[in-house]
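A, B, C and D label the chains in the order they appear, each numbered from 1.
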Amino acid sequence: MKLPAEELKKRLALACRILGTEGHDDLNLGHVSTRAPDRQDLMYMKGRGLCLSEIQQEDLVTIDFEYKKIDGSRNPHGELPIHIEIYKRREDVNCVVHTHPLYATAFSATGQELRPVNNEGVMFANPLPNFDLVTDLVVTPALGQSLAEKLGDEKAIFLKNHGIVVVGGSVEEATVRAHLLEKTIKTLFVARVLGEPRWTGEEEAEQKAQRIFTGPKINAMWESLVRQLEQREAPLRILRSLEDRLTRKT
Amino acid sequence: MKLPAEELKKRLALACRILGTEGHDDLNLGHVSTRAPDRQDLMYMKGRGLCLSEIQQEDLVTIDFEYKKIDGSRNPHGELPIHIEIYKRREDVNCVVHTHPLYATAFSATGQELRPVNNEGVMFANPLPNFDLVTDLVVTPALGQSLAEKLGDEKAIFLKNHGIVVVGGSVEEATVRAHLLEKTIKTLFVARVLGEPRWTGEEEAEQKAQRIFTGPKINAMWESLVRQLEQREAPLRILRSLEDRLTRKT
Amino acid sequence: MKLPAEELKKRLALACRILGTEGHDDLNLGHVSTRAPDRQDLMYMKGRGLCLSEIQQEDLVTIDFEYKKIDGSRNPHGELPIHIEIYKRREDVNCVVHTHPLYATAFSATGQELRPVNNEGVMFANPLPNFDLVTDLVVTPALGQSLAEKLGDEKAIFLKNHGIVVVGGSVEEATVRAHLLEKTIKTLFVARVLGEPRWTGEEEAEQKAQRIFTGPKINAMWESLVRQLEQREAPLRILRSLEDRLTRKT
Amino acid sequence: MKLPAEELKKRLALACRILGTEGHDDLNLGHVSTRAPDRQDLMYMKGRGLCLSEIQQEDLVTIDFEYKKIDGSRNPHGELPIHIEIYKRREDVNCVVHTHPLYATAFSATGQELRPVNNEGVMFANPLPNFDLVTDLVVTPALGQSLAEKLGDEKAIFLKNHGIVVVGGSVEEATVRAHLLEKTIKTLFVARVLGEPRWTGEEEAEQKAQRIFTGPKINAMWESLVRQLEQREAPLRILRSLEDRLTRKT
């Protein structure tokens, strides 16, 4: 059941704004993409120049897996290879998030294995890989391939001294995962100060993950993120519309 | 002196929004319930799907202690047993809060005993129990019974790698307790970084708790939380009503 | 040069709202007072029941140093002795702040001596005393006297597992001091995580304090706090007035 | 390609408000200056008395390098020597920022060398100098010269127990650098709690810095900061204009 392209782009723009306003904004850096609904070798992706929190549908670009821009008025980000090489290697992946959120980026510097400290931790109980071949940007197809290989079949990967890449079968899934990855590391940060954390064991983590993070539940979490975004965006939207209305009257 | 059902539901919705906007929101997870005023074996509870911060009176469901939904358009949360089994075991309890706030959830992972580091700490001077039979969701009556048993006569319990359950004789009491439990652990978090905390001793803690946290004072704290919620909710409420008014005029 | 009573009360209400919205709010707890301009044995003080952030001029009460309420519709706080006994002992003090801000309250639990880690730290370079006779509320004249004695000639004192008391020659001075005491401990909190802090030495601290924290400069800082408060309060104030205006028209 | 004076002043005011609302505000302390476009020995600088977050173009003063005020209604800050002595020694510098942000100020107390923990860290991979001759304000030309000398050819310098000085070839560059210096230390703060950070090596840091922080990319980051400032300032600006319009009508 493929979504129409316009609906998919609308969700991709929402994902950018959700992540951007939930702690993933880093000036104009970071990007999210989604595979096109009708072609396996094409993606829509945030264009260059804006913050994640600013992205509207018209700020997206369309790129094919030969690295050619097909559509869109903005320039593409230099880290295209992260997205393209993962899509090529992982047929199950339809959305790739690459951002630099505070807690996960700091965690990437420690080289530790992430273990499940709270509910969302169980989603990443299978220790996430670390990409430390370089700490520089991933701007060549070769580096993108190395990263994709290191990611393997996992949901996310830490980029040493750089940030995270999170993938999912849909925009909704990758966004919720990226949000919860940052949140679980924030909880770990607090736990590290308070004492010595205990973890959820492997077996229980798997069972717990299957209970909490099934498809419909992930979608309900996404819907929560969308509604919370609307709450944050509404005041300025309404004020601008009031201003506009009153100005025109005068 | 029982409250009318409508008034009680109104307070339950306020409790959800207070906690949700004071650090207890975790997407659409977490729930609060209150025992019905006219039947000991019935409760009103936040329905599934929304964030705590979004709950209005119409989002509540009515559930009897046979786990049957009596009223309400939303589905119930899967963790009903937390609420029902505590109400069954504790006649003094009329409100149950289950949430995943940052500091208390991180603390639950450490397995430590909480000791009184500041004023509100004395409310929990009797070391709170830890539930570590599972870290998974509490979705069966048997698990709910184990949790209720472990809670014993206490005001709250930590759920390892999961969150907290806080109870009270009224919506007001449980809400204030949940708010202050999170706040005292936040203070502990800061104290742990600054140095080696000293504690209030057992005897003084009891006397101090009786001075600060009597019924009328808890109610005055609840009133403060309600007024602060109104301050946070007012801007968007007013903006939406202005927008509505001006749109209709045009 | 004494201020008229009304002007003084206006400043006291501002001080309450400044501190309340700058991290000193703790539900309806905490209080600020100022000595009356025309009588040495009288004070105006925040009344009971509201948050610091809510206080308007009409929420103040007038209390004499025999602990008798002279004026005001609200009840007085139980911790009157903190204020009265300090005013009795310290003729130079015309304003007393007692609050429970996060960082300073956590610091009070550690029993450490505060040393100057940044600019505002030099204001408290003379190590501040710790009051640890009790951690309970200071509700008797005898406890108030002990606290006043322990405060001695200092600007502030830590109350173990409880909070802080800060004094000044004016509302402006005590407010700025309370604000900067919390801020310097927040900086210390960060420094403790980053490494081993170095301190400003005694002699330099004194000289630096005389340069930065003279009377006129303290007043300019107070003015900054007042303007920032107005920025925070303006949106809701304007929205309520717009709503009021448009409602009346209809 | 020199900017007209008015355009330059507009950017300087924006820089003040960006930094002031991004964590560099410290009451009315801290200042930013820029070299005049038509004379090497003249600068525009934030005037005294206001917070960085409040600065409009008319709040700037013009000062020559003989320490004489040429223009502007406000008084100059006492720390003029920081700016003047750096401009005298560094022809490449056209903007000087001096502020007391939380993380960088705390770091200045530790005396550590900053190493690259994340993307922006590579901008400061060449260890930044520490100025610890005094921790007091830099209010004499002699101290300003010592500071300028210690700064050498670097982008920024830590002032022990005091704050930071950051320089750049343009307002845009110095502002982005100051913003990212604070941000990288915030990431280090989190990393220190989470574990033992690994760093980007010298050679890779240099290459990475050249990739991410070229002139056009710095300018795009500046533009992001300007747009985000507009988002923060818009609500109150619009509300005040609505209030004004409706008041005049009545």
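The definition used in the following text is that a contact is a pair of C-beta atoms (placed from the backbone, for glycine too) under 8 Å apart; a residue touches a chain by one contact, two chains touch by 3 or more.
No experiment lies behind these values; they were computed from the predicted model shown.
Listed here as common contacts of subunit B and subunit D: A, C. Different-residue interface: subunit A and subunit B share under half of the residue numbers found at their contact. Farthest chain from subunit B (centres taken as the mean of C-alpha atoms): D.
Annotation: 31 Å between the Cα-based centres of subunit B and subunit C. With centres defined as mean CA coordinates, subunit C is found 44 Å away from subunit A. In subunit B, the positions touching at least two other chains are 188, 193, 235, 239, 242.
Within the complex formed with subunit C, the subunit B residues making contact are 116-119, 121, 186-188, 190-191, 193-200, 204, 207-208, 211-212, 220-221, 223-225, 227-228, 231, 234-235, 238-239, 241-242, 245. By the touch criterion stated above, subunit B contacts subunit A in their complex at residues 26-29, 49-51, 54, 100, 102-103, 105-107, 109-112, 132, 134-137, 139, 160-163, 185, 188-189, 192-193, 235-236, 239-240, 242-243, 246, 250.
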